[in-house]
Amino acid sequence: MTIAAGIDVGSGAIKVSIYETGPDGAETRHALVAERIRRRDPTVVTRESWELALKHAGMVAGDVAYVATTGDGENVPWATGHFYGMTTHARGALHLDPTARAVLDVGSLHARAMKMDPRSKVLKYRMTSQCASGTGQFVENIARYLGVPAEDVGARSLQATEPEMVSSICAVLAETDVINMVSRGIDTNDILKGIHMSMSLRFAKLLRSVGADGVVLITGGQSRDVGLLATLREALAKKAKNLQVEVRNHEQGIYAGAIGAALWGAWRHDYLARKEAS
Amino acid sequence: MSDPASALIDRCEAIVNDLDHTSVADWKRQSDGTERKAVGFLPVYVPREVIHAAGFLPVGVVGGGDALEIIRGDAYFQSYICHLPRSIIEMGLGGKLDALDGMIFPSTCDVIRNLSGMWQLLFPDKWAWYLDVPQNLSPRLGGRFYAHDLQLMAKELEGLGGLEVTPERLRGSIEVYDVHRGITEDVFALRREAPEKVPTWELYMLIRAGLILPVEDHSELMVEYLESASKRTAKRRDNPRVIVAGAFCEQPPMGLIRTLERAGCYIVEDDFSLGQRWLREPLRITDEDEPFGALAKAFLEHSAQGATRFHPDGEPKGEELVRQVRECEAEGVILASPSFCDPSLLDRPMITAALDREGIPWTGFKYAENTGQFQGIREQAGTFSDSIRLWSEAS
Amino acid sequence: MRTVIGIDLGSTTTKAVIRDEDGRTVGRGITNSRSNYDVACAVARTEAMNQARMRLLADAIGEDDELAGRAEPLARSLDRAFRHEQHNAQLDELRKQCEVAADSGRAAERTDLGSVLDTIFDQLKVDAERMFAPLAESRSDFFRDMAGSGYQAKAEQIADPETLPFDLLLGLYDQAILKVENAPGDLSLEALGAASLKRMLSKRGDSDRVREPLSAALRRAMAQDIEVMCEVGTGYGRVRLPFPKEQIRSEILCHGLGAHMMFPGTRTVLDIGGQDTKAIQVDDQGIVTSFQMNDRCAAGCGRYLGYIADEMNLGLHELGPLAMEGTKEVRINSTCTVFAGAELRDRLSLGEKREDILLGLHRAIVLRAMSLVARSGGIDNQFTWTGGVARNPAAVQALKMLVRENYGDEIEINIDPSSIYTGALGAAEFATRLAGEA
Amino acid sequence: MKDRSMELQKELISGHYDRLSRANDEGKPVVYTFVPGNLTELMLSFDALPVLPEINALQSGMRKKSGGFITAAEKAGHSEDVCSYVKCDLGMMEQGNIGPTGKALPKPDLLLLSYTGCFTFMKWFELLREKYDCPVAMLHVPYQSRGEITDDMREYVVKQLREEVIPKLEQVSGKKYDEDRLKELLGRSAQAEDDLVWVLESAKHKPSPIDGYFGGVYYIGPLFTAFRGTPEAVEYYRTLRSEVEQRIADGLGPITPEGELKDERYRIVVEGTPNWTHFREFWKMFADERAVAVASTYTKVGGLYDTGFRHDPTRPLESLAEYCLGCYTNLSLPARISLIEKYVNEYEAGGFLINSVKSCNSFSAGQLLILREIEKRTGVPGAFIESDLVDPRYFSPANIKNRLESYFQMIEQRRSGRPKSIANAGLEASP
């Protein structure tokens, strides 16, 4: 029995998970917490989220054998060890969907694709470089500008009839594109879907370049966005016919990094204990 | 207890970070009031032996790094050209290269090639020389042309007030550099054997200082470092061993090298200083050898396989890197290229193909000498090291 | 009054300048372009018209014997009351739209939102009293900024993670502000003049004495005709203006000419706007001799500062002053707008002070602009800085320093407080010339 | 109605692609090489068929296929930062090597690397060699860094021709080197070159009967590619010349995509490679303002003839060497500037435009200094725009139009000098 926690310090939100693993490979969840940072001090949000997770799990810090950080969490003072984002997202994705063989993590300021083997070993990965129009923050900004609540974005995108793509690679210029669309009277749903489509094109490119095959799980903050899911499926069907991919999402996709960190933490704890013993 | 090696590196750091090249100006001033001369050269490779033989101080100019604010340099280069030339222009216009009496532009790529012409226009009073290194690698064709080109350059240096580059003098200089080559390789060997004793950022500083210091002084410095670093007792960590390749011209900022190390990688071989290690073996010149020809021959036969040199028919590109991986017992390769660097970036698919054929893990990214955000690179290098570490143990 | 109008439809703000026959600027208007372009133009134009009419009003007040000697303070006070009325009119509209939003979608399930909105807006009205009091601190030009920061601050106080999510309240605002910006209602002096007068008088002890003469002056001012003889448009969105081709001028020419008009000795012009930066060289007649502009990448432009201000929950106009409190410059290399926020957080987490980071950010922006200037041919005496970012004191400080470091102390640097209107001013001058030919 | 020369050119090109599509089957030796420093006469003297990957790339760009090819190459690991010609070519191969006319392109038997004026050529053929596993003949053409062709340089190139290039051509063609045949071809080259120079220089007339940049692209085609030394090329240039003579006699301006350009208003010298994906759109931006490109440097990349060089049958290999050494991109930056300065003065240009393409360091590195120097030396205002060769993502019509518009308005404003006519400038242009 090993209890481990994963803390994923992101640029948009802090995610915490507490898991227990058994010798038989059972993985039991005790807590999942996600808290947007929104201009607060990330270290404060991290501590609060951590305490909230302990509360949900009904535990105290001493109960957790290994606290693993990921994302930007290298400096969390009470952590035992750190794993990097792609390692943990792959692990977390596998936990959420054991059939997943590739992961598309769309966070607030980045997007990345990983191809992994059945044990979540990352075989290949690609990240979006420099420019940021294909990320969560961008969608969030645009949604705010359009006055659409974040959780409605997906549903509204699905209702679009004549989507119009944004062309700019830069998030700022893309914003201008959107402003122009509004002024031309383009329907909000169509704009949202247009954004999803251009994001999806980039994501399809990422997935293709890592050679994704089989089930692809979307993780990260955008994983619940059904509109994105739909356009990504369309994009892959069109642009990557030869890939046999099936894109899925998961209710808990946003926690994938935190879950993966906890599971790797538990593994590492047991590994070090074994090493100690021998 | 202070670590003499660290103190030495501090000295190197001070020399490297002194963008005004005061140490060069100091070297030029003789006690009898006369002046010696110094000649700068750009990456990747220039035979410093010739400059040395003319009695000049060869000074490698690789850009201002992240400490230099670029204002005028950007006025000469579009955003899609690598960072190196703008930084060099900035230094030139800002008077930071005033200590140099001339500048040599080797035929590394079109950017440096065109920079040679820009230099003539911007600094009409300074000597500027374009050194066309041969791309036809047959000794009778490229070799002859190159030896002749070097002779021309030596004549120019003479005209600039240098000593006549006689065969004897040039042989002497080649010997001095042979010694330097030997010690350089020893330092790299120590890092290969015990990367915990020779952190790459230290080695990097040490070698960078060699672009500025007189070769004799630098050899001494390296010997000292070698002695003291080999006595270190640092504990080896469970980090994967990697090779960094592709960063042979524009240099990454120090923060980037440190980031790679912090993300859990032992760098056991790199090509940051490819130009200084271009000729891989001592020339071991004899009194019978015609020294210009010997330099040309060494260039054709024993130089590093850089992206800036034509890769002749025969062994596919990347095989040399694969060999290096084996020799260094490296577990992976990090391909780091300057943004917009055609030579480095166009090579990459051929190199990764070779690595893939051998099942050697690799990862790649781009940088600029003034990259300020290392987050993405840290993630990437960290994941790379995670995947090597976790999976070599887990499987 | 016979006038001409210059309109600068910028990427972030839309500016209008009205000049009279003697070439005097009689009115200026500004609004954010972040809405329908036509509306933006109409708003800026109305605003400029309001000012022109205010000027007529001031004249009318001055003509009145009873009010003589007090004309200026009276006009100022009436102007303030008018702005207050405008603000309140928009607040009312915003409140109405928030209520509409609260009755739709997910929010409709809640019954408590109405009273929450009441609380927020009542407080915003109270705040307005303070904002428009005499001697009040500087405030933003934009309703979106003023109302937005107020609303968010109030919403944050009221919100509770368990029972009343902040996101929900923010969502209402987001939906409402868009509607208000696109249909701001009638904010002209014609519409609000009477109410403004009333507001002004309600605060005065001498209201009985001045009421009649002021009303009369207002009536007289309103009765005057303001004839627009010609309009010229420029700026990023100029092609969308419904003008014939000859009434559209490139923003390069307009900025060059506008700068020349503000400072006739100008030889080099730098314009940093919302999404682009231009470096322009002009001759002694304001004729452009060469120029450079950056495009494709919005790094280092005004929007960058906008992102930073958003990130720090500050108004744009507060950013510069805060940076000026910094004592050491943190070195920032990337000016990518999108990653600005991340970089900021990065630095904060490394323990840097936010004033110091801001100081570094401002330098980074100006540095970028300086290389563009260098590209266009460097700086010749005199150097004039135009565009919105020139309103930011920290940017001004950084610019002065860099100019001195690179071009010496002899360069005279011109920065006009109304520099943001330079393009519109240039356009207005083109309009004058066109009108003169007709 | 199309000009006869246009038809001739179409026939020439499609005929060549037809021959190429059969080459592998018919056992004809196929040699890939580059436009600058291409040794067409030498190749033809061995009956080898030249393939010019740059031309394929630019044709793909004009036919709007390059975007897909580039994506394919980037997918295969190429960076977005590097030359898009290379990526377009590799992407095309990746997708079956179907050439611009829809016919398959043959595999190379030899990659003749005329390493002239561009570093990327070397990488390009290294990459192609990996795919095709065929030999590379490296012809290192030294850079004219000191603004002149020295004897050493010429000798080095001639020696490489003799000892590296010719033996490899003999090997792949199974034929012996035949100098008489080469001389015959070179003689015809010189003839065509005379006519080309005449046509390009006709732009000195006012109004100019031709467009020396956009139109120039069509004029240089046959001579810069696979046809130098052929009778067809001679005929093409004869015809072209007589057509232009007629235009001058009739006082006509150049033909543009919008029809004939009347009342030329701006005479511009252009430096830099055109953008191919939006070629017509770009040209139209000029034509709409009634701007004519009177001279350009791009039309000199495959050979600089207007400063006097001709292929010379009496010195076959020497003149080939000089040809290679003299291509525009092999000139030092100061020499490039002097050439442009000369064009601005001789063609009486009122403006000077640099189209800086992201792909090409050989062209682009240093162009901002060129801009300054030309402005300084000639007093003519310059404009600088940025685009790319065949990567459609890097052509932003709105931005470029905005700049050009501002630029032409500026020339107009400066030309008139008096404020009053500034206001007039726009009026005159509106319909």
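Labels for the chains are A, B, C and D, by order of writing; each one numbers its residues from 1.
Basically, a contact is a pair of C-beta atoms (placed from the backbone, for glycine too) under 8 Å apart; a residue touches a chain by one contact, two chains touch by 3 or more.
Note that the coordinates shown come from a computational prediction; the quantities given were computed from them, not determined experimentally.
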Practice problem: Work out the mean Cα position per chain and let me know which chain is farthest from chain A. | Solution: D
Quiz item: Is the C-beta contact count larger for A-C or for A-B?
Solution: A-C
Quiz item: When the centre of a chain is set as the mean of its C-alpha atoms, what distance in Å lies between chain A and chain B?
Solution: 40
Self-check item: Gap in Å, rounded to a whole number, between the CA centres of chain C and chain B
Solution: 52
Quiz item: If you average the CA atoms of chain B and of chain D, how many Å lie between those two points?
Solution: 36
Exercise. Could you tell me which residues belong to chain D and also touch two or more other chains?
Key: 368, 386
Quiz item: Among the residues of chain A, which ones contact at least 2 other chains?
Solution: 72
Quiz prompt | In chain C, residues with contacts to at least two other chains | solution = 296-297, 339, 342, 375
Quiz item: Any idea which chain C residues touch chain A in the complex?
Solution: 11, 33-38, 101, 105-106, 166-168, 170-171, 174-179, 240, 275, 296-298, 303, 307, 311-313, 336-339, 341-342, 345, 348-349
Quiz prompt | Residue ranges of chain C touching chain B (in the complex, touch as defined) | solution = 296-297, 331-334, 339, 342-343, 346, 367-368, 370-372, 374-375, 378, 402, 406
Quiz item: In their shared complex, at which residues does chain B touch chain D?
Solution: 75-78, 80-81, 85, 107, 109-111, 113-118, 120-122, 130, 132, 134-138, 140-142, 144-145, 148-149, 307-308, 310-313, 316-317, 337, 339-343, 345-350, 352-353, 366
Quiz item: If you look only at chain A, which of its residues touch chain D in the complex?
Solution: 169, 205, 208-209
Practice problem: Would you mind writing out the residues of chain C in touch with chain D in their complex? | Solution: 244-246, 248-253, 283, 285, 287-293, 295-296, 375, 377, 430, 433-434, 436-437
